[in-house]
Each structure stands twice: as C-alpha cells, then as structure tokens.
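Chain naming follows the written order as A, B and C, and within any one chain the residues start at number 1.
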Amino acid sequence: MRNSLKRKSVSYAKYGYLFSLPFVLAYAIFMLYPTIYTLIIGFTDLKGVATNTWQFLDEPFKNFQKILTNKTFIGSIKTTCIIWIMNFIPQMLLALLLTAWFTRRKVTIKGQGAFKVIFYLPNIITAATVGILFSTFFGYPISPANAVLKMFGKESFYFLNDAWASRIIVAFIQFWQWFGYTAIVLISGVLGINPTLFESAEIDGATPSQVFWRVTLPCMRTILIYSLITSLIGGLNMFDIPKVFNNGAPANATMTSSLFIYTQAFTGTYQYNRAAAASMVMFLLIAVLSVFVFFLMRDQYDAKEKRQIRRMKRQARKGMTV
Amino acid sequence: MKKVLSLVLALLMVLSCASFASAEGEKGVINLYAFTDEVPKMLQHYIDTHPEFGYTLNTTIIATTDGLYQPALDQALTAGGADAPDIYCAEAAFILKYAQGDMASYAAAYDDLGIDTAAAIEAADIAQYTVDIGTRPADGKVVGLGYQATGGAFIYRRSIAMDVWGTDDPKEIAAKIGPGWDKFFEAAEELKAKGYGIVSGDGDIWHPIENSSEKGWIVDGELYIDPAREAFLDLSKKLKDNGYHNDTQDWTDAWYADMAGIGEKQIFGFYGPAWLINYTIGQNCGDTAGDWAICEPNIGFFWGGTWLLANKDTEKKEAVAELINWVTLDCTENGLQYGWANGNIYGDGGTKDCVGSGTVMAMSDGKLDFLGGQNMFDVFVPANQYANGKNLTQYDETINGIWRDAVRQYTAGTMTREEAIEFFKTDVEDKLGIEAAE
Amino acid sequence: MSKKRNKVKLEGTGFLGMFIKYAVCIILAILCIMPFYIMIVNATRDTYSIQQSAISLIPSNALMQNYAVFGEKAFDPLVGFKNSMIISTCSTALTVYFSTLTAYALVAYNWKLRNALFGFILGVMMIPGQVVSIGFYQFMYKLGMTNNLLALILPAIAAPGTVFFMRQYMLPSLSMDIVASARIDGAGEFRTFNTIVLPIMKPAMATQAIFAFVTSWNRLLEPMILLTRKENYTMPIMVSLLKGDIYKTEYGTVYLALTMSVIPLLAIYFMLSKYIIAGVALGGVKE
C-alpha cells in the first residue's frame, strides 16, 4: 500500500501539510502551549494560589526527587493500576464475547441493535451523576445495598470506608460504563472488515468459531490496539469517578494518580510545581507502556496483516467490478 | 455533509448571539461569587427593594462540597478583568486564606470602599471574633465581615429527653450531657439503655472538638495536632465501639435521615449553631418539627459562618460598599441583620438566625415554633463567646478532610491509632507539602 | 442489520447456548437500565421518602412538587440545554471533520513530516488532561476568552485520539485506487476528500461523533471554571449547582434535574444510534 503511494508522493505532498494544518494549529494553540508551560513549571518554584511569578530551582530536579519519594503519589500509581486491571480484564472479555455473538453471521441474536443501544447507555451519563448515584447506592448505614444485606440477615457494611470494597465498586463503575463502548468499537471494527472475506471462509467450510478466531480477530488488530491503548490511557488518567464517588477515600484507597495530581495542584496549598513534576512522571510511565504495547502487537501481527491487506485489496477489486 | 455544515453554521450564529447577549442594569453589573444561594438571594432582595440602586447582579454559585469553590474563585480573582468578582463570600473553613493568608492581597479594605468601618462596627456591636478573623494582618484593616454569629448549642429531641430523664428542660439536659466528655458518655449510656443514640455520627462531635481546641492545624508552618483534636480519635472510637450512634457521616443521606428520626435508631441530638437548625435540621426534620430544644453544649464551640469580601480592583466601589454595609454593618430595622434575626426579611414567618450585630440581637426575638416556642437566643448569645479565630488556618478544609478520613480508619479498625496518626501526617505532607512537627 | 437473513438457524449451537446468550444479554441490559430507571422514579418521589428508602420501582406523585423547587434555584433547563447543545454539537462537528481530514493527510499522502506528525499524535494522546488544564485556563484568561463558548469549542479541532482512530480505521478500509480514479476524473484533492473519502469513513465518523458528543456534553470542570455567567452555564454545571445548597439536599429535585439533563441526551442518542448501526452495516468498500 505504501509502495503504491510513493510513486505519486512528490506532486501531492503539499496536501499532506495543508490538510493537517488546522489540527496542528489548533493543537499548538490550545494544547502545546499549555503543555510546555506545565512541563516548565515542573522545574520551578511555582506554588501557592496567588503566585504569578516563578523562578527555576537551583536544583532543577528537586520537584521530581520530592515526588518520587512521595509515598502517597507512588501509592496512587499502584491504586490506579489495580483499579484499571480490575476493570479492563472483565470489560475486554465481555466485549469480545459480545462481539463474537453479535457478529456471527448465521446464528444471529435477535434484537441485537437494541442490545447494543442499551449496553452503551451507561457511557452517555455524566460521570459525576453516575458517581453520586453509586455512592448513594452503597451508602452506610442506610442504602439499597445495605437493605439487600439486611434481607439476608447480615450486618450493614460500610462499603465506602472499606479499601477493597471501594476499589471494586470504582472498578465496577468503570466496567459498567465502558463495556458497551468497547463492544461497539470492536463490533464496528468487525463490520468494517470486507464481508467477502467471511463469505470465502464460509465457502471453505469454516465453523463460526473458526471464522472468529482465524478471520475476525486477526482483522481486528488495529481496533484492538486502539481499544487497549485508549483504555490504558483512560485508566491511568482515571479521575471523574474516584473524585465524585469518594474523593480518593478511604485512606487513599481510590486515590488515582490523576486525582492526586489534581488534589496537589488545585486544592490546599496549590503545589503546581510538584503536581507538574508528578504529571511528567505519569506521562513517561504512560508513554513507555503504550509504546511497549504498540510494538508488541505490531510485531505479532505485522506479517499476517500484510497478507491480509493484499488479499482484501484483491477481493475488493473483484467486488467492485461485479 | 452539506446538511451537517449548514447545521454547524446555524449553530455558530446562535452561538455568536449567545456570547454577546447579556442583560445589564442601567448602571452596570456586579459580579458575585458565593458557595450557597444565601448571599445572592439577600443581595437580590436588596436590589429588588431599592429601585434607585440601578445595578444588576451576576451571580456565580459553586458548592464547597466538591472542593470546587476555592479553585474557581482563586482563578477568577487572579485573572481579574471584567468577569472578576466584585463581591465574594468565604466560609469559616477558608476565610483565613482570603482575609489573612495567600489571597488576602486581593481583598479591599472596607475603609477603602468608603465605609467608616471602626465607627460602624462599634455602633452595630459586631461580634469581636468575626472582626478578628476578617482583619488583614498586613495593614490591620478590616477586609471581611459576616452577618451571622455561629456559637454552637446542643440541639436535642424533647420526646427522647422526656422518655429517658423525665424532663426536657434545657437547663437540666445541659447538666445531663455536660460539662466535659465524661458526663456526655454517661448520658450516652443512659440513652443507649433505652435504645437511643446520643448523636448521629462522629461528624457531630468533630465540630465541637475542632473549634474548642487551643491551637489550629498549623503552628509555625508545621503540622501540629492539638491534644483536644487528637482526643477525637479516642472519643470517636468510644462512640463507635459502644454503639452510641448510628455511625453516619455528616452531610450524607443517613445523617439527614436521623434528623427526621427515620434512621436505624432514634438519635437524641446534634451539635450546631443556629444555622444548622434553620437550614439543615429544620429542612430535613420530617415529622419531628416542634419536638426540638437547645441547651448549652458540654463543650463550647462555634461552627461556620459566611464572610463578605470585596475585590480591591472593583470599579463599582460605591455600589459594592452599599451592599456590604447593608449586609454586615447596618444595625437598623432596615438592615439585613434585623430581618435575618427575626426571620422576616423575605416576609414574615421565615427562619431566624443569630446575627453578628449585638445591637440587632438586643432588639430581636428568637422564639421558634420548631423549638417548641423556646427562645433560641437565650442559648446562642452566651455561646458566641466561644467563637474565635485563633484555631483556624487557611487550609482547614483540606486538612480536616484528611483527618476525618484517618479517624474513620481507626474507628473502623482498619488502622491502629498510631497508623492513623502516621497516615494523617504523611498525607498532609504529601498533598500539601506541610511537614509534621516532631 | 440482520434483516438480510431472516431465517435464524441454530446451526452449531444448541438451544442451551442460545438461551445463555439471551440470558446474559438481558441481564446486562437490566444492569444498564436499572440505575436510570431508579433515577427517573426517584425524580417523581419526594425527598423524605427517598431518604427512607433510596430504591423504589414504583413512581410516586411528587414530580410537580420537585419541579417547583427549581423556582428557588439557579436551574434553567432551557438555557443549560441550549448552551450544552451549542458546545457539544460544534465540538463534535469540528472534532469529527478535522480528525478525518488529518487522518486522510496521514494515510493518503506521503510527506516528509508525516511520520513525525503521527508519532507526535501518538505521544500527545497520552497527556493527562488535568495537567494541561493549569496552563489552559491561564491562557484563556489572558486572551479574555472566559465566558466565551468558543474557548470550549475551538480546541475540539485538535483531537489526537480521534485522529488516531480515524487513521487506524482508514488504513484497511480506504482503497487508494478509488482516490486515484477520482484524480483521473479530474477531481481536486479537497473535493475528493469531501465527496469520496468522507462517505467511506461514515461508520467510523458516526461512532466517533457520538463519543465526542458525549464527552463534550458531560464535561464539568472546564466549563465550570471558564464560564462564570449564568446565561452561559451548561447542563452539567446547572445540575451540580442543585447540589450546591450545602444546608439541604433536595434529592427528589436533584434526581429530577439529572433526569431532565439526561432525557434530551437519550433522545438524541437513540436517534443517532440507528444511523450509526446502519452506517456501520453499510461498510466502506461496497459503497
């Protein structure tokens, strides 16, 4: 594909610049400038609410040193990872399962359009609302959840004051809000695959599960990478739900790194400089992880994908002439 | 695509109208920042009843509950310009920051607005602690004053008092629950024997403890745990272990439910100033209205209060001064505080409150049907002597949050006493950069 | 989407398998709908009975009573709805259109800085939003763009995440042969993009549009700090202000406000989702 482009590259190159110009400009103005500003703050003494002036520190990395020995910050990274994993694994498994069921060509589930619409519903609601709703559901000593416990003769339980209960609930909210999204993204990925691929597989006598594992899944490589990376990034930036649900409590059990950075920068003593340093640490961490995932997935499927694209293009051409 | 594009264009047109249209009064707009609708309502009332005033109000209300008010206010103040607040409100938990601390330089001295502050304070006999808190140390000038006095009382259910002790007389009940915490726990035991809880949750005893302590959280730039505040760990644990309360958290559903008497067990009382009766218990009490009374608490304290500050850069000094003067210093029957104390500001039969002006209090009547006809000023006026700003710090809102969390861990048994204190110190240092004194 | 095949054959799976599938789907559907149902029911109940039992499946009759409380609050659903609509619709249109355009630049043309830009996009996709916000607000204040809805709309032009998705989707589904044949027919590059590439990208655009819309609609922090004038408040700000009276929380009214803020969203969502599913089913190549 890329080879075929190279022939024409010289005459059309300017359109590449032209078409990406709006993006680049908007990004530079609305993101890059504020981002660089944030990075610089990491090396300065900027803290305190009414402070507008700042100087570079004599020891430039002092904020980074402080933040790397900050127990609460390190703990918040662990918490973030724990909550993300507890949410992502079941979310991905369920989304894949739904994708397999919903894209099976012969044995369709009736009303799957309606199911898809319903599964995506939780994602549409403002995170703040969902957080409040769930913290009400799990209130103590009176709440729907505790009413259920009482029905079974159990003592009422202080969910919001229990580290693991809180984490599980936060992870569940994330799962609940996002499994529909992931499923829709994966399904749309499958539906974007050239149908002739499936038809030829069926003619060859492949069973539905063979089609799913041998044709569907490999073709979804790009969409899977996308889902994994965005979920990872979203997970490591998790903010709204823990903030609204319990504001990081109990004892920082739901204090994610983003919430910690927010707490440090926007409340109390306004430690912009340390929060900026913490952000940069998170940035590095996220970058390393996603680059790792990106390369891992690419190497694994690179060869397969090239074959795939060639075949698809052949078939697409055939399909067009019919 | 054309359809989409035309839709976008249409919306952009609507948008351009929306961003330029704004209703202005004939003289201009006064920007107001507040954390409840209380001050906006009263200022709007002033504008409505004084047609010659000529300004309109542009109000921004952001709740303190999510910790969003301070950041938003700070942003607006530091940014300045036409949208900067002309008048802004601050609560006891963070007034120090705006009157004496990091943000004090943004406040206008009342004198500079054209108010003869010293004379007005004397005429109105304003509670000294509100003046102390609202005075900027840098130049010794008053930059903020309130309209309430927030000395606290113990607010209890008459029917429960009758059931347990055979009396609902405030003097006798005061002698049952206090003075001090030993008597309080004796009373708690007696209440428990009849199946009642003495308070709703640990938040209820926190406010009396917090505001009766000798020193605040920060001493000489370092974190300091006052012995009275450290004792909260043990008192709270005792309440929980003995089942003296419903183990609720303040400002949550279950807490409100206890005010209506529909919690797990009936709750005897709450600690609070007059505003807690008006705005919280009174509004959430369900069928229990009239069953309440107040008495002297086992420990003197104050809680909350709203201060009004003006932006030093306001271009509408006279108008701002007029409003602030009416709210905080006008001790006549036309002033806010008279209407506020007597509950007739928005017409008769409104809620009554303790106000900052002693002059106004002397000519007001605090009888409340809610309290079975008891005159609440009898208890609240003496209680105001406990109000002072000595143990406030500008980061109280944040530090209190961490402390309450740590104490809950201890009472729930997930941390030992030492671990809870250690967690508290670490967390304050990590989040605020304030190191613990050793 | 399954209309083409009306015959449902249970090939390869037994009755039990189908039963499990339906059971799982129905349970998930209930799980998804339940909280909203409770929210809507609670909107019709008074605060007192909500405090007594937070869950009820039977609507009560306090709807108007809850609605009357709005009069005392700074809650104006029409104004909030209008502002949220303006911001979300414009942001969504900008995000989807310009992201597709940028993705097209990345996929269809070979230019020197192409890989650099893509690498850059991959890199910046990961920057936590909260970090940038410090600098962003101060910048907006400097420009005097507070209380200007454009401050919340224009940044939507640059949505690295959407560009990434569009590129990933475009790579396998856009055949350069189609573009080449358009060129032979003498179409300009911009015209080719609008008339040929955009239709192919419809499924991806529909999906991304709804994601962008929802994200924008639900944003709370930025609008709350940028917009200080009541007439500019968005729906989430207004909803959050209902909770704002710390002395008392009118749960019934809060639920009603939440419901009112959600019902327009639901209406739009159900309308758009049909288009999405149809668009997704169409596929790119067969167009």
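The rule we apply is simple: contacts are C-beta pairs under 8 Å (C-beta built on N, C-alpha and C of every residue); 3 or more make two chains touch, one makes a residue touch a chain.
In this text the structure is predicted, and so the values were computed from the model without any measurement.
In this assembly, B is the chain whose CA centroid lies farthest from the centroid of chain C.
Just to note, of B-C and A-C, the chains joined by more C-beta pairs in contact are A-C. Computed centre separation for the pair chain B/chain C is 38 angstrom, with centres defined by C-alpha atoms. Chain C has its Cα centroid 15 Å from the Cα centroid of chain A. Touching of two or more other chains is recorded for residues 66, 71, 253, 257 of chain B. Shared interface positions of chain A, i.e. residues touching 2 or more other chains, are given as 136, 139, 142-143. Residues of chain C in contact with two or more other chains: 51, 54, 138, 240, 243. In the complex of the two chains, the chain C residues touching chain B come out as 48, 51-52, 54, 72-74, 82-83, 85-86, 89-90, 93-94, 97, 137-138, 141, 144, 146-150, 153, 194, 198, 221, 224-225, 228-232, 240-241, 243-249, 251. Residue ranges of chain A in contact with chain C, taken from their complex: 1-2, 4-6, 8-9, 12-20, 22-27, 30-31, 33-38, 41, 94, 97-98, 101, 105-110, 112-113, 115-130, 132-134, 136-137, 139, 142-144, 147, 176, 179-181, 184-185, 187-189, 191-195, 207-209, 219, 222-223, 225-226, 229-230, 233, 236-237, 239-240, 258, 261-262, 265, 272, 275-276, 279, 282-283, 286-287, 290, 294, 308-309, 312-313, 316-317, 319-320. The part of chain C that touches chain A in the complex is made up of residues 1-2, 5, 8-13, 18, 21-22, 24-25, 28-29, 31-33, 35-36, 38-39, 51, 53-55, 98-99, 101-102, 104-106, 108-114, 117, 122-136, 138-139, 154-155, 157-158, 160-161, 163-165, 168-169, 171-173, 175-177, 180, 189, 193, 203-204, 207, 211, 214, 217-218, 220, 236, 239-240, 243, 258, 261-262, 265-266, 269-270, 273-274, 277, 280-281, 283-286. Remark: chain B residues 1, 4, 7-8, 11-12, 14-15, 18-19, 21-23, 31, 35-37, 58-66, 68, 71-72, 75-76, 79, 81, 83, 251, 253, 256-257, 260, 262, 275, 278-280, 283-284, 286 touch chain C in the complex.
Contact residues of chain A toward chain B in the complex are 47-50, 52, 70-73, 136, 139-143, 156, 158, 161-163, 243-244, 247, 249-252, 260, 263-264, 266-271, 274.
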